[in-house]
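Each of the two complexes below includes subunit A, the first together with subunit B, the second together with subunit C.
Now for the complex of A and B:
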């Protein structure tokens, strides 16, 4: 290790600076300064633009803590995040297991790619595609009524389950990916050893496989939970009037009501919640990443 | 052993179900873009009218060009800046390096809703305002960490002795970089570039907060259209988008395996 350092790397920030500066300056201007500005604005009464009167205030945060509406919405967004994450575990983990331990060779590579592919395609469009499936007279409705002998009415569109389905569809590949990476690293001989020592399939699963793949489960959960809590487009399209969550209220402050300071305060509270969650998951994420 | 084989077949069947869940809605959406009924009525009747009418929609076409332009410029800027930063992080040891690497994490991990609204506030405050420039500033910042992560991963497979050998044979720093290091990390740079293009081309949330009515991107236009009501025209343009972005990712996968096998 010491040898490699001597050959490969050189000391000092000075020669590295010209290479680093452009990228990090850009990140500063477009990410870190804006996040700081958001904190600053959240303590203002109005935007300091066009000669408007403004002053410092705690009012935006008071609004959050005094009006139960906002904390209730934050709670329902957290609940949404939890439910979507759980569904992603239930659906994604078995798939990751089959990919890592049952399929072999080229077919594994191809199917892995097929599962991951939608994740990297346009999220908005995929949410929209569910509208085609879920609405009344849509495909699900038509197909079920063609098969079933009795008439049923499937109109999941603009409901809480629709939002869950769309979000799970959006994020389940993430869970498959992270779990696959940790499951693949488990030595098959460990599983065989457990079996030959007389453990049942179930015991091997609970005592060997799941504990060893825990980093993947936690990493996947954090990477799903965080964006779901901040989602607004998915509930808007699939949830309709039932789709009011914390994210949609923030969107409203910026896109409809134009109460930016309140929006900034709400955003910052969400950021704090997100950072706490990421900090809790960070040790695991670092080991898995 | 018989149970094992049954379980394995159940597993394969399950994967097929999952793929159905993942792809069925997309396939249905695409199919509906070729259906004649404007209200998505069945029976299915083949038509390409909806694609034809896209060509008449000047607003959509303008937004598409904006999307492509921004994605191309984002790709160029973020690939160059990202590759430079990755090289520096690989080559040099200095205090605060860990911090610089950790700073790449927030742009990826913080929900775009927060990043997008923060950019809106800041760009407004400093006078950049909304529009294509603001969107470009934001997209490059979102793409940079991905490029750096992907290129850095490729650099991990690079043998530093090669640089040393070239140097001892009389090559200067620039020659070493251009003739030895860069060719080796090229697959990573290309993959990073494709990632950057996809991040920008598919970006909705951040663009949404930074767009103005005249200066907007395709996903923002689609969102506005969806909120007005569904039409097969949205299906048509959505189908084009999803085909483009999936093709892009397949291309990326050719250059860079998604962390799976080494």
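Now for the complex of A and C:
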């Protein structure tokens, strides 16, 4: 790696340009230009389509601050992001630990495949299969009633827990993968060294393994938290009436109400808030890592 | 501080017998080397003593207390790993403090003990550094300080000098020996480097295929190896195979070799003799019979390797190549292809059953 850096600094950026150009050209055309258009839209009174009248305005941003509904929804979306991230840590980290440090060979590959599988299935299919499991008279309800001697009624459909379940299922693989990578890089002899110094397995976990897996936990959390805060599919399908979140409101502006300027403004406010949160968290997280 | 007794310990991994009925007594305060080629079971034995792995059968005692089912964290041992295994998320001082801090010692006590340990390994000023800012030799010292600061009963070292370059290794050998003497801790040291084993330890145990081949002080093993393997693994040896005569062996071509050390083998049984290359004299003409060097063989120099202070001659004789090491005394050097006479004393000839 030192050699590569040395070569890079000696030759400068020029020889790297042909390698960088395709990616940056693509990013410019496919992301930067449309995003700029969205910034533009967010300051408009209406879409400049079909000869409609339009003017510049700050009204779309003002709407966020003048109506408490939006900030309330944003707060509940942030809470949703936090909760889903937390569950992903609680479920994903132990799985990553077992994959990286306990299992070997074929059984590791098999379990790994099961973790990745949700990635390979269509998101909608995944969510609708949860709907089949969670609704009254659904798979979970029927199965529990078949086993238990007393009658219970499980209807999680259209509830906050259903949204959490669906989102955790969609995003937990990110946590498993990022944590697996950092855990695998931790030398087993560090664990043995800790124990030879008189530390119990639990002490080794808290004082050596978890601090060393911080980069994976942080990367996984960022990968999960950001999209969950803006998510709309899982809340809409699994949450029903309780599933109104910031993301679903944005989606409504684009898909139902056709108020792109407001949708765009709300999106950029979300982006700003997420960036501020990540920036505030960075120094704390860096110290922990 | 305490001695370690290993009695009839066996350990198998599947069909592979990593340790097969091994017994060694490590006396209190001694410096032991476990020497053997890779796969000989030396590291497995060390891991049984440390408690990372439990034996299938046998007994392990530290300071007279049976520990073969006690997990590593309760054995009060100190261990230095081959790759040092320093915690990369902690400073040097925190690494050394780890063992004391998990025990819940007071902060002031920890700080004082850590400083003492770092001073002992001559790193007193580097407590604030991170492991990745240290050289290999410094990491080694930190690992040692971390292992001894908890005042363990035994110090276990798993090829600790393997990752260092030659010059640094010699420094660390001296340093390690000094520290071991200073604190008087029983030390068990795994290595595949015979020179390291010879120069550092009070006693050596040679392992092969999971069995203890020979155990004793370095001089004893070198001068009186009990097997061809011990003779050739620790140092160099010329091996002759033949039939025992009662006072030596008779080679297939009728030559007799007298041996006055080693095992006693009944006449007629198969036996071999080992002779160290530096014990053999090499000369050109037929010298006068010399009772002190009664064993003589004729041969032809096939190769000479000059190494400054000595030369190694490879001498061909009846399908066998013998090795002879001659000190550089200024005497005339022999040419390749020259006919020579080799002679050595029966006292330098070890009979092996």
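The working rule: the second predicted complex is superposed on the first by the 246 of 289 C-alpha atoms of A that agree within 3 Å, B and C clash if a C-alpha of one lies under 4 Å from a C-alpha of the other, contacts with A are read in each partner's own complex, and residues count from 1 in each chain.
Operating definition for what follows: a residue touches a chain if its C-beta (ideal position, glycine included) is under 8 Å from a C-beta of that chain, and two chains touch if they have at least 3 such contacts.
Being a predicted model, the structure only gives us computed values, none of them experimental.
In the superposition on chain A, contact of A:276 is made with neither subunit B nor subunit C.
In the superposition on chain A, contact of A:198 is made with subunit C only, not with subunit B. In the superposition on chain A, A:55 contacts neither subunit B nor subunit C. Contacts of A:257 after superposition on the shared chain: neither subunit B nor subunit C is touched.
Ranked by how many residues of subunit A each touches, subunit B and subunit C are led by B. Of the two partner chains, subunit B is the only one touched by A:113; subunit C is not. Look at A:189: by the touch rule set out above, it reaches subunit C but stays clear of subunit B. Legend: residue contacts after superposition of the two complexes on their common chain; A:26 is shown touching subunit B, with no touch to subunit C. On subunit A, the patch touched by subunit B and the patch touched by subunit C do not overlap at any residue. Interface of subunit A with subunit B (complex): residues 4-5, 7-13, 15-17, 19-20, 22-24, 26-27, 29-35, 37-38, 41, 47-49, 91, 94-95, 97-99, 102-103, 109, 111-118, 120-126, 128-133, 137-139, 142, 169, 172-173, 177, 180-181, 184, 223, 226-227, 229-233, 236-237, 247, 250-251, 254-255, 260, 263-264, 267, 270-271, 274, 278.
Of all residues in subunit A, those touching subunit C in their complex are 187, 189-190, 192-200, 203, 207-208, 211-212.
Interface of subunit B with subunit A (complex): residues 8, 11-12, 14-15, 18-19, 21-26, 28-29, 32, 40-42, 77, 81-82, 84-85, 87-96, 100, 103-104, 106-107, 109-115, 117-125, 137-138, 140-141, 144-145, 148, 160-161, 163-164, 198, 202, 204-205, 208-209, 219, 222-223, 226-227, 230, 234-235, 238, 241-242, 245-246, 249-250, 252-253, 258-261. Those residues of subunit C whose C-beta lies close enough to touch subunit A in the complex are 50, 52, 71-74, 76-79, 81-83, 85-89, 98-99, 102-103, 146-147, 150, 156.
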